[in-house]
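Here subunit A shows up in two complexes: once beside subunit B, once beside subunit C.
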Partner chain A sequence: MNTLLAITGLGVLCLLLEIANVRKAIIPLTIVGLLGTLGITVADYGKVESHYSNMIVTNDFSVSFSALFVVLGIFLIALSGDFYRDAQTKISDFVSIKLFMLAGAVAMVSFGNLSMFFLGIEVLSISLYILAASQRLNIRSNEAGMKYFLLGSFASGIILFGICLIYGAMGTFDIVEISELTGSAELPDWFFIGIVLLSIGMLFKIAAVPFHFWAPDVYEGSPTLTTALMSTLAKVVAMATFYKLLTGMNANIYYEYEIVIMVISIASMTVGNVMALRQASIKRMLAFSGVSHAGFMLMTLLNIKTSAGTLLYYASAYALAGIAAFAIVLYVTRNKSNEDTYNFNGLGKTRPVLAAVLTAALLSMAGIPVFAGFFAKFALFTSNIQAGYLIVVIAAVINSIISVGYYFKVILAMYTQEPTEDKKPVPFLFYAVGVVAILLNIAIGLYPSAVINLIK
Partner chain B sequence: MGNILNEIGIENYIFLSVILFSIGVFGVLYRRNAIIVFMSIEIMLNAVNLLFVAFSTYHQDAQGQVFVFFSMAVAAAEVAVGLAIVVSIFRNLGSIDLDNLKNLKG
Partner chain C sequence: MDVSIVLILLLAGTLVTLFSGKSAGKVALAFGILSLVASIVLLSDYNAGKSINVLATWMENPQIYFALNGDGLSLAMLLLTTSLLPIIIYSTFGSEVKNPSSFYSLILFMGFAMAGTFLAADGFLYYIFWELALIPIYFIALNWGNGDAKERQKAVVKFFIYTFAGSLFMLAGFAYLYTKAGNFLVGNLSNLRLSDQEQFWIFLGFFAAYAIKIPLIPFHTWQAAVYQKAPTAGTMLLSGIMLKMGLYSVLRWQLPIAPYAAKAFMATFLIFGIAGTIYGSIVALRQKDLKKLLAYSSLAHVGLIAAGAYTLTVDGVRGAVLQMISHGFVIVGLFFAAEVIYRRYQTRDISQMGGIRVQAPKFTSMFLILVLASVALPTTFNFVGEFTVLYALSTIDIWFAIIGGLTIILGAYYMLKMFQNVMLGETNAKPFADLTFQEGLTMAVIIGVLFFFGMYPKPINDLITPSIQQILNYTLKS
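Let's look at the complex of A and B:
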């Protein structure tokens, strides 16, 4: 609750600072404000409360995920300063839109009522449409924004229809009351149709396989910082919300639903990885890699009672590695017209630290030990084997091996090719964000239980 | 109000909403003019609003009607952003035909 108020207040403050004409102070102040917000969020840990007639609930799940989102938000806003150097006059707009998006994200994981969930997802999505199309004069950015807008509002329509049918069946929007009513004997058919529609809409948002076709185009066309935002923050938010919704609806107790989740999970992993193998642009490659990671995260829905901690751990590992990777991609593709892999040639010789950070991030995503990605996959596979879903785990292991192929393509380009251009100066914040994100990734890799046990 | 709903039956409201929603879905999938696609999305959202109001009367519960206000406000914000994107596309391309958006392929 306090998190939501603090973030929204910061967003408004940002717009006021623009009026007061202190543009230089916006980014440092926002980062300090978000660090304070992180403190407020962490202080709420362990409380179980509900506010405004159960619109917003505070519990371990919402606090842990909100803290993760705020951390990711700090990184993304730290990167904005240099990324928007040509649009300094609009910096307050970009930062405040990101903050409002973060408010939507927090509302999404801490909803207690489906109307709050719908408002959260719309605040998040509308901010993302604006950010995707924010390079007004660039036709690729326009196209990405348009495609994202059409598919996103299409998905929102489907989600809204799902909510409507669930309301029709239950007569309430309250997630606790719905959860109690699902135990009753006679449920109208609308309820199940509603759950299916809601799931379709959420699968659109997390870009799982039958609904992933927008992701590569949108990720490629959007400004790189927005791509970083979509592939880390937006994906993790949508996944956590999907998890929370299904927990509330008790959908997973039906065998048929589990089969569907299994098929979508395996299909996402396989299609994502196979398509990523043949991409030249690193943004498209990371988009497909995100599709396959969505497949991995969907595995947590199979034993939904116990795997909230695993989902948090996997999401943090993936998102931190993604932030570190995108910090380097932002540096390399600065002033470039495309994001192809050859831009990374010889980075190991010209900028050894940045190359090491990118290597570490990609190895974490591939699931190589020491980095958090490995332990996340390990925890995920262990819990799924214990629950008896061996087929999914076998498919996941094969897919982890395939994924090494395309991650190493970039790593090889950095270390074995000759550099094609001279050194460029590195903005300090790119260094800082890359190094801190990867250090956090390694830290949670060394102490996995500290994160997994956050949600009991 | 309740009597009318009893005479017509909640099922018919659901069928009407599903038909309107499907018209919207097919419009999004088959029409290539951006404005018409926007209108189709609006039809989808308004079909749901209709059903919300019907269910609200059916349950004798005001929450559904309040939700309609939320969803209308959200739809207006969404279309405002969408139209802004359309304007910037029109300035760059001189047309709003979605088939012209083919720069991103891999």
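Let's look at the complex of A and C:
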């Protein structure tokens, strides 16, 4: 609750600072503010509280995920300063939209009521639509924004429809009451239809196959920082929310539903990986790799009662690696018309530190030990073997092998090709964000229980 | 003192070397020698009956230990690693290395990961070291390799994906074992009572990882290209030590955990191994590139070693371990000889060599000794191992020994033919300077080791036999 208030307050403050004409202070102040928010969030750990007649419920799940979102938010806002250097007049808008989006994200993991959930997802989505289209003079950005808006609002509509049906079946929006009702009597059919519609909407948000078609186009067209935001923060938010919805409303998922999730999970991994192999643009490549990671994260739903910690861990590992990778991508593609892999040629010679960070990030996503991505995959495999879904594990293993193919394409370009251009200066914050994110990734890779046991 | 000291030394060496600029090679050599000294001290502690194991909790949930065990087998492999590391580092001193600080630091890091693999007693920790060894060799082969960049990339990436793919099946196997045992300690995993069906799958999952790493045919296709493209130091690391990771793991992890499967499929894997020796020898006969020839000879030797390990007899396993160590030394020596020639002639094409003997008598005699050691001439270390393995094979079925024994004949044929083409014949028009002091020392050390243990293998025998006995007790009891 405090987190939500703090973030919203910070967003408003951002807009006020613009009026007060202290534009330069916006980013440092926001970062400090978010660090404070992180402190407030962590202080709430271990408490279970509900506010406004169960609209907002904070527990270990919501606190842990909120903390992750705030950390990612800090990184993303730190990158904004240089990214929007040509649009200094609008910096307060961009930063405050990101903050409002973060507020939506926090609301999405701490809702106790479906109306609050919908409010959260709309705040998040609308901010994302705006950010996708934020380069007004760039046709690709406009296209991305429009596409995302049209498809995203369909998804929102479907979610809303699902919520209505659930209300019709249960007579309440409160998820605690709903979960009590699901345990007792014969359930009307439209409750299940509602759950299915809700699931479709959420699968769209996390870009799982077959609802992934928007992702590559939108990722490619959007400004790179927005892509970073969508592929890290927005994806893990949607995944955590989906998890919370399913655990919150009906603790016992039916076997048939698990089969569907299993098929979608395998399909996402496979399609995402196979398509990623063929991409020239690193943004599209990361988009498809995100699709496959969504498939991996969906595996947690097969073992839903015990896998909250695993999901948190996977989400942290993936998002931290993603942030580190995007910090380098942002540097390399500054002032470039495209994001093709050849832009990375020779980075290992001109900028060894940045190249090492990107290499580490990609190795983490591929699941090589010491990096958190490895342990995340391992935890997933173990929990799914325990749940008896060996087929998914085998598919996941095969997909991890495929993924090495495209991650290494970038590494090869950095280390074996000759540089095509001279060194450019690196903004300090790009360095800082990349290095800190990858160090955090390695830290939780070396000591996974610090994260994985946060949610019991 | 416990075994973690070696790992700490090598890791510290990695970091120090990375920041030591031009003198990186010397710093790396110093750390290599330090770790060798440390391993010798550990060995004497072990022989004195002191405990050198490490057991600390790393994570509580999931239950993972930082567990390192130094039993005879592990120590033997550790000594192999730490004695080859300084030799490999020293052997590079005659040639120019670009960007030396990264190069030597990667070599030490590779040594760290390999030493960890040999020491780890917790499956999870073991897997981490196992995978970690892949990253430095990938970069060494990629950035310091030779030949066309495109082809090199293809070979190296194929190698990486291949071995990574195999390892992931092993990881899935470990994940399964964890759900059964609740932790990864090798002792507990070996005591699990798995059903035959389960053992079969676990065995297969591990086999995917090991067969690719060793490599056994038909999983060997990455090998020759990578050996050829990697810089000589990288080839030495791969053939001298890294291949032994796979063989060691068979003994340490695969056999005790899945004993039923090991026994039930023994004949199949013996055939895999022996087929590899024959295939490797025949292909080696036809090679025109010196490094590729050595790569295929290596394939033939490890096939026989694997066959020895899968006999599940004390003699077979002991022979395999002896052969692992002796092959490590001899193959490093042979690759170094190839490097010596390359430094002078800038070629690895056998047809462009020949007639070196008159110009370089010292080099010729040392090279000849290495060649003879490699074909297992009595009084060399390799003879001890090869003979023991063949003896063990004959106790299983005499035909295995006869067919396996063919490799000695074939080996003698292709190695001597190679020696003839490379060294003998009419005096080469191109001048060939004899060995420098540094080159001579490198080869002399290797030859010294081969002769010493060839005539007096008892210390190694005594070191490894108890742990082999213990592993076979696990394997054969059920």
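Here, the second predicted complex is superposed on the first by the 454 of 456 C-alpha atoms of A that agree within 3 Å, B and C clash if a C-alpha of one lies under 4 Å from a C-alpha of the other, contacts with A are read in each partner's own complex, and residues count from 1 in each chain.
Operating definition for what follows: a residue touches a chain if its C-beta (ideal position, glycine included) is under 8 Å from a C-beta of that chain, and two chains touch if they have at least 3 such contacts.
Nothing here was measured: the structure is a model prediction, and the numbers come from that model.
Legend: residue contacts after superposition of the two complexes on their common chain; A:W190 is shown touching subunit B, with no touch to subunit C.
Once the two complexes are laid over each other on the shared chain, residue contacts for A:G405 go to subunit C alone; subunit B is not touched.
Residue contacts after overlaying the shared chain place A:R284 against subunit B, while subunit C stays out of touching range. By the touch criterion defined above, A:P28 lies against neither subunit B nor subunit C after alignment on the C-alpha atoms of chain A. In the superposed model, more residues of subunit A are touched by B than by the other of subunit B and subunit C. In the superposed model, A:C164 lies in contact with subunit B only, and not with subunit C. Once the two complexes are overlaid on the shared chain, A:F173 sits against subunit B while remaining clear of subunit C.
Once chain A of one complex is fitted onto chain A of the other, the partner contacts of A:F381 are limited to subunit C, with no touch recorded for subunit B.
Legend: residue contacts after superposition of the two complexes on their common chain; A:G39 is shown touching neither subunit B nor subunit C. In the three-chain superposition model, subunit A touches subunit B and subunit C at no common residue. Within the complex, the subunit A residues that touch subunit B are 115, 118-119, 122, 125-126, 129-130, 133, 136-137, 139-140, 142-147, 149-150, 153-154, 156-157, 160-161, 163-165, 167-168, 171-173, 190, 216-217, 220-221, 279-281, 284.
Of all residues in subunit C, only 59-62, 124, 127-128, 131-132, 134-135, 139, 142-143, 149, 152-153, 157, 160-161, 164-165, 168-169, 171-172, 175-176, 178-179 touch subunit A in the complex they form. Of all residues in subunit A, only 363, 368-370, 374, 378-379, 381-382, 385-386, 393-394, 397, 400-401, 404-405, 408, 412, 415-416, 447-449, 452-453 touch subunit C in the complex they form. Note for the complex: subunit B touches subunit A at residues 10, 14, 17, 21, 24-25, 28, 34, 37, 41, 44-45, 47-48, 51-52, 55, 58-59, 61, 63-64, 66-67, 70-71, 74, 77-78, 81-82, 84-86, 88-89, 92-93, 98, 101, 103-106.
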